[in-house]
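Dumping the structure here so I can ask a few things about it.
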Amino acid sequence: MDSASLLQFLISGLTVGSTYGLTALGFTIIFNTTGIINFAQGEFVMLGGMLSVFFMRIAGLDEASAIVLAVAAVTLAGALIERFTIRPVKDASIINLIIITIGVSIFIRGLAMLAWGKDTFALPPFSGDAPIALFGAVVMPQSIWVLAISLLILSGLKAFFSGTIYGKGMLACAQDKKAAYLVGISVERMVLLSFMISGLVGAVGGAILAPITLTSFDVGVILGLKGFAACILGGLGNPFGAAAGGLILGVLESFGAGLLSSAYKDAFAFIILLLLLFVRPSGLFGTREAKRV
Amino acid sequence: MITLKNIDIFYGRIHAVKRVSLHVDPGEIVALIGGNGAGKTTLLCAISGLIRPARGEILHKGESIARRSPDKIVRSGLSHVPEGRLVFKPLSVEDNLLLGAYGRFSLKARRQIKNDLAEVYAMFPVLKQRRGQCAGTLSGGEQQMLAIGRALMARPGILLLDEPSMGLAPNITREIFRHIVMLRDRFGLTVLLVEQNAKSALRVADRGYVLETGRIILQGPADELLANKDVQRAYLGRDVDL
Amino acid sequence: STEPESVKIGAVLSATGPASFLGEPEKNTMQMLQEEINAKGGVLGKKLEIVIYDDETDVNKCVLAAKKLLDKDGVVAVAGPSVSGNTLAIIKFFEEAKIPLVSCAASEKIVTPVNAWVFNTPQLDRHAVTRIMLDAKAKGLNNIAIITVSNGFGQSGRAVLQELLPPNGFNLVADEVYGPKDTDMTAQLTKIKAAGADAIICWGTNPGPAVVARNRVQLGIDTPLYMSHGVASKKFIELAGPAAEGIMLPAGRLIVADQIPDDNPQKPLLLSYAKAYTEKYNAPVSTFGGHGWDSIKLIVEAINMGKSAKPADIRDNLEKIKGFVGTGGVFNYSPENHNGLDENAFVMVVIKDGDWKIMD
Amino acid sequence: MPPDGLLDCRGVTVRFGGVLALDEVDFSARDRAVTSIIGPNGAGKTTLLNAISGVVPLAGGGISLSGRDLSQSPPHIRARAGVVRTFQNLEIFTNMSALENVMTGCHCQVRYSVLDSLLKTPRYFAGERKARAKAMDCLEFVGLADSAQTPAGDLPFGRQRLLELARALAARPGILLLDEPAAGLNMKETRVLGGLIRRIRDEQGVAVVLVEHDMDLVMGISDQITVLAFGQVIAKGAPLEVQKDPEVIAAYLGADDRD
Amino acid sequence: MQGLKKDLLLTGAFLSALCLAPWVLPSGYYLTVLIMCCLNAMTVVGLNLLLGYAGQISLGHAAFYGLAAYTTAILTTTLGLPVALGMLAGVGLAALVAFVIGIPTLKLSGNYLAMATLGFGVIVYIFLNETVGLTGGPSGFTGIPRLNAAGLTLSSDRSYYYLTAAVLCAVVLLSLNLIRSRLGRALRALHTSEKAAQAVGIDIARYKLFIFVLSAAFAGAAGVLYAHYLTFIAPSSFGFLFSVELLVMVVLGGMASVWGSVTGAFFLTALPEFLRMFENVEIIIYGAILILCMMFLPRGLAGGVSSLAVRLRGRARPGEDDHAS
C-alpha cells in the first residue's frame, strides 16, 4: 500500500470514528450521572439528523436555524424522557432503567418511522463538498467540521467534569445518590440535566454527521452499538476515553477494511477490542474501580 | 432547632419508628442511644429527608421539613454524617471534601471554602496526606474522618452524626468529641449524636434520649442518664461478664 | 361446505425493517390492486381480499406470519415475502400445506431447483449481470472491481458476479464488501483505486450505493460505475446527489416507462401503474412495488384462467401462464421455469441530469 | 518457625502504587489464642488481614499456616485451608435470608456434586439438612436465630456484623480473622461479643486474630497484641505491657481519660 | 424441603398446560408461536441463571444459539450425520465455545463484560455472514432435515412441539434444582460480594464459568431445536438485537426468577403477534408496553404476580421469592 492510501484510510477512519466518538460522549454524560447505559443515545443522534432534515425541508428553514431548532428539540426530548420514564422510578435498579431506555429507543424509532417514513435523507454539507487534497489523500470539509466540533464538545465536557464542582456533583450522583443528597445536590435536577446535555450532544452529532453519513429513522441502532463499544474501549465514564475510543474504533475498521478484508473489518475491530479488554479490563483510559475490602 | 412530633416510619410492613417526639435546642448536644435496630439511623434519615415518615411532623427552625427533599434540607443548614460513611469512592479525598461545600459554592465563598478545607485538614492530617487518593481506597477509619470532614465543610447549623466513632482509633475518637464541643462552644453548632459508645456520647452531651424498638423509653439530662441503672445495664453492659 | 363469499389471498411483506424499501411499495401496490380489482367486479365474481402481514424483515416473524396465513386465515395463495431469506424459510410450509407461493424476492435458490408450489416474479440477478457485462464488453472495460453489500441481496449478486465475470473474459481485480449500515466506503474504494480497475460494479440497496457514489467522486475516481437494479428508485439519485451523474445500471422498464418505444407491450401498463401509484401515495414508483403488482396479478390471472380459486388449481394454472405482461417484463411460466423472465426484462439506464435515461 | 505458630507471616510487604501499606511485617498467631492487632487508622491492619486472606498480592514476604505456605494461593484456597475472615465494611449477601447467608458459609462442608443437586439424590438432601442444621447452630451461637428468615439486607447494622461472624464460623475456620467486629455494637453487645470470641477460642479451639479499636474488648480478651503504625510493627506483647508502652500511647491510645 | 415439592408441582402443572394448549388452540399457527415461545424461554431461563443469579451479564447469547443451530445444520445437512448426533454436537459446541471464551471474558465485570460478550456476538455474527461456503451466508442455510429419533420422524409440528415443551420443562426443572442447592447459593453469593464468597471458600471463577457454560448450553439446546424445526436458518436471526431481546425478557420476566423468565419469554415472544393488527404503530406500542412494564413492575412480571398474590392473601411474606426455599 502506498502512503497516500494509508493516509486516506486514516482520514476516513477518523471521520467514521468521530461519529462513534460523538455518540460515545453522549453515553458518558448519562452514565456519569446515573450509572445508566442509555440505549436511546443512538436515537438522540438520529433525531438530531432527522429533525434537521425535517426543519429544512418541511418547515423550509435555512440549514443553520434548522439545526439549532433540531438540537433544541432533542434537548427537550431528553428532558421529557427523564421526566416521564426515569424520574418516576428512581428507586429501580440500574438494569431496570437500562431496559426502560431500550423501550424508549424502540418507541422513538417507531415514532420517527411513522413521522418521516423509512427513507434515507441527506443534509447539505456546511461548506460545500469540494474535497481538499492532502498529501495525495482527500479530506471532505464536513469531516473537518465534525472533528472540530467533536473536539470542542470533548474539551467542554472534560472541563465540566473535572474542573467544576457541578461536574463533580454529577459524578457524585451516580456514585451514591444518598450521599449526593446529603451534600446538598439536587439529584433529580442533575439527572434531568444530564439527559438534556446528552440529548444536546447527541443532536449536535446527528446534525453535523448527517451530511456525511446520511440519516434515516433507524441509524440509531448501529451508532448506539458502536458508540457503546467506543465508550468501553476508552474506559467508561471518561469523556476523553470515549472520544479516543471512537476514533480508535473508526481507524481500526478503516485499516481493517483497507489492509485486511472489508468483509471482516467489523470483526477485526471487535477482536482487537476484546484483546485490549483482556489486557486492560477497564478500558484504555479508564481507572480500575476503586474497590477494596 | 429541630423538633420531631409523633413520627411514625415504616419499611414496608416493618414499623421501625413509633410515635417518636424529640427536640434539639440551638447550641445543644443531644445524644440518641439505643440497641441494635432501635431505629436510630432511621430517625436521622427521616430528619435529613432521606426517608419519608408515614406520619408526624418535623420542624427545622420552625419550618416543617417532613416533605422536603434532602438536598433542600441540607442547604438550609443541616448536615448528616450517614451510617456506613457513604464517601464518593472514585473521587479524590479533596473532591469529596469540596463536594461537602456544594450547597454554598459561589465565587464569593471561594476563599472561605479554602479556609474550611484547611481547617478540616488540620483536624485530620491524614486526609491531607491522602488528598489525591481515591476515597474508596482509604482505610475504614480514614473514610470515617472523610465523612465527618465532608459534613463539616457545609458549615452546618445543625449536625446529625450517626456513630461518628465507628472504626476510629481511641485517640481520634476523643479528638472528634473534643472538636464537636469546641464547635458548639465557639460557633453555637447544634448536634444530634447517635452513638453505640453510650458512655462517651453521654459525657459530651447535654441531654439524651434512649430509643428502644422504635420508641423513646427514656430521656433526660445526660448525666442523669449516665447514672441511670437501666441505662447502665442495657447499654454499658455493666452486668455482662467478660 | 359452503363456498366462501370472497377470494382470500395472503401476503407476507417486509413493510418495516431493513427491507422496508421493498416491502412498503409492495404493500401499497397490493392494497391499491385490491381496490382496483374489486372496483372492477372482483375475482370470479367474488370480492378479492388480500390479507397482508408485515414480517419486519425478520425470519421468525415471517414464519409466524406465513403460518397464520396458512393455518388461520385459510388463504388460497400467498404473495411475498419481500426478501429471499424469508422466502426460503417458509417454502417448506407451503409445500406441506399445498398452497402456492409467489415470492417477490429474487434469489435463484427460490426457483432452482423448481419447487412445485413456489414461484417468483423479480428479474434474476443473473439477468442483471448479463446486461452489465454486455455493456462493459461493448465499452472494452475488462478489469472489473466489485463492491457488494454483506446482506442477502449483495451476497447473491456477489456470487453471480464471481461466477459469471471470469468465464466471460473479465478480470476480477478487486472484490470488496461493505456492511448494510456502513456510512463510509472510502477504504474499500481506495483499495479499488489502487487495484487499477476499468469499471466498478456495486451491488446493494439504498443507502449504501449512494455512499459509494459519493465517496467515489470525493476520491476523484473516474472509473465508470455500474450499480445493480437494487437502486432503481428516485431515492438513489436524491441521496447520491451530483455524484449520481453517469452511473449506469440495469433496471426494469418501470422507471423509464415514458422513454420506451410505444410498441413495447409493457408501456401502457407501466404508465398507468406509475400514474395510479404516484397519485395514491404521493411517492415515486419503484420497480419493487412492481414485483408486488406482478405477484398478485399473476395469482389472479391463474385463478381467472382456471375459473377456480382452489390452491391446487391456481398452482397448475400458474405454470400455464404465457406471455403475461407484468411490470417486470413478460412472464412465461412453465413446469421447469418458475421465474418466467429473461434478461430482456432489463434495460440499461444511465443517470443524466438527475434522471434516468435509457442507454443504447 | 516457632513450634506453636499456627499462622506465620514473615516480612510481609504490601504496596499500593506509591503507598507502602505494610513494610516487612512479622506477625504470628498461636493456636487457641486471641491475637489482636491494633494501631492508628490507616496503619495497615486491614491490609494485613487482606494479605493473609489473599485479597491483596504480596510485594514481599511469606505467609504460612501450620507450616503450609499459602503466599501464592488464591483466597478461596486459603479459606478452605482454614483462613476465614469477616470484613470491616460489611460484605453480607443482601439478596439472601440470614440463614442462607450462613448456609453459604457451609459451602465447603457439604460436598455433594452438581449432579446430586440436579437430580436431587439422597446425598443432596443429607447435605442440605446438614448445612441447615450447622447454619442454625451458628446463628444461635451469635444470637440471631430469631432472624433466620429475615432478608439479610433488612437487618440493622449491628446484627449484620453478627451475621458475618456466624457465616465465618460456618466455614469452619482454623484461624478466624475478625476486622472490627464490635464496630456498630453498643457496649453491652460488645461485651456479649467478647464472650462469644472467648467461647470460639475455648470451646471450638479456633485461633482468633482480632482487629479492633474498642480497647475494653481488646484488652479484655487478647492473649497477645501486635501494634502496627505506618505499616510497621511498633510493639508486641501481652495486653498489660502494650497498654503501658509509651510509643503505643503516643501513636494510638492517646492520653487516657477513662475512669 | 417444601420448596422442592412446589417446584415439582409447578413444573408438572406447566407441562400439562403446555400439553393441553394444542387442544385449546388448534391451529398450526398457534403451535408455531408456542414453539418459538418455548425456545426463547429455554434460552432466557439459562440467561437468567447467569444474569439474575450469578450477576454476570451476557449480550452474546444469540451467538451461542446461532452457533449451535449452524453446527447441527452443517453436520446433518452438509455432512449427512444423524440429526440426534448433530443436535448433541451443536449443544456441545456452544458449551465448548462458552468455555473457551468464558475464561478470559468472565474476568471482566459489569459493562465491560457486557461489551465483551456483545463483541463476541458481533464477531460470530460476521463469521456466520461471511463464511458463505460453510453457512450459506446472509441468505441463509436451507434444507435442514427434521428430527428423526429411533426411526420415528418428528415431522408433524405437534410432535415437535411436545418435544420442545418437554425440553423446556426439563430445563426449568434442572434450573430450579440447581438454584436450590449449594451451587445456587454460591452463585447468588458471588453476585453480591465476590470477596465474601471467596472468603468462605467459593471458587468464583469456576462457578462463573460453569454457569456461563450451562446457560450457553441451554441457548444451544434452543438453537438446535430451532434449526431442525424451521429447517432454515439465517445469520440475521442471531444478531445482537436478539441478544438484547433475550436480556429484556430476563429483566421483564423478573431477575433471579426461573418462572419469571418463562413468563417474560412467552410474553415478549407472543406480544408482537397480538400487536399485528396495529401495523405501523405496532413498534410504538411495543416500546410503550416495555417502558410501562418496567416502570410499574420493578421486579418484573414474576415480581408483579407474586406481590399481587401477597396482596390478595393480605399478609406479609417477606423474602418469599421462588429462590428463597
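So that you can tell them apart, the chains are marked A, B, C, D and E in the order they are listed, and the count of residues begins at 1 in each.
Here is the rule we use: a contact is a pair of C-beta atoms (placed from the backbone, for glycine too) under 8 Å apart; a residue touches a chain by one contact, two chains touch by 3 or more.
Everything quoted here is computed from the prediction, not taken from an experiment.
A.B. asks: Using the touch definition up top, find the fewest steps from chain B to chain D.
C.D. replies: 1
A.B. asks: Centre to centre, using CA atoms, which chain is the farthest one from chain D?
C.D. replies: Using the mean of the C-alpha atoms as each chain's centre, the farthest one from chain D is C.
A.B. asks: Check A-B against A-E and say which one is joined by more contacting C-beta pairs.
C.D. replies: A-E
A.B. asks: How big is the gap, in whole Å, between where the Cα atoms of chain A centre and where those of chain B centre?
C.D. replies: Taking the average C-alpha coordinate of chain A and of chain B, the gap between them is 42 Å.
A.B. asks: How big is the gap, in whole Å, between where the Cα atoms of chain A centre and where those of chain E centre?
C.D. replies: Averaging C-alpha atoms per chain gives centres 31 Å apart.
A.B. asks: What is the distance, in whole Å, between the centres of chain D and chain E, each centre taken as the mean of its C-alpha atoms?
C.D. replies: Each chain reduced to its C-alpha mean, chain D and chain E end up 41 Å apart.
A.B. asks: Let me have the rounded angstrom distance from the C-alpha centre of chain C over to the C-alpha centre of chain E, please.
C.D. replies: Roughly 37 Å, centre to centre.
A.B. asks: Which positions in chain D are in touch with at least two other chains?
C.D. replies: Within chain D, residues 46, 55, 87-89, 91, 154 contact more than one other chain.
A.B. asks: Two or more other chains touching the same residue: where does that happen in chain C?
C.D. replies: Each of 16, 150, 177 in chain C touches at least two other chains.
A.B. asks: Got the chain E residues that touch at least 2 other chains?
C.D. replies: Each of 130, 195, 280, 282-283, 318 in chain E touches at least two other chains.
A.B. asks: Please give the residue numbers of chain A that touch chain C in the complex, ascending.
C.D. replies: 1-2, 5, 8-9, 11-13, 15-16, 19, 113, 118-122, 129, 131, 138, 140, 212-214, 216, 218-219, 221-222, 253-255, 257-258, 261-263, 265-266
A.B. asks: Which part of chain B faces chain A closely enough to touch in the complex?
C.D. replies: Against chain A, the touching part of chain B is residues 48-50, 69-72, 74-75, 79-80, 82, 86-91, 95, 98-100, 102-103, 105, 134-137, 150-151, 154.
A.B. asks: For chain E, which residues are in contact with chain D within the complex?
C.D. replies: Answer in residue numbers: 1, 4, 174, 177-178, 180-186, 188-189, 191-193, 195-204, 210, 256, 318-319, 324.
A.B. asks: Give the list of chain E residues in touch with chain C in this complex.
C.D. replies: Where chain E meets chain C, its residues are 27-29, 32-33, 36, 129-130, 132, 137-140, 142, 230-234, 236-237, 272-273, 276, 279-280, 282-283.
A.B. asks: Taking the complex as given, what residues does chain D use to touch chain B?
C.D. replies: 16, 19, 39-43, 45-47, 88-89, 154-159, 180, 183-192, 194-195, 198, 213, 215, 220-221, 252-254, 257
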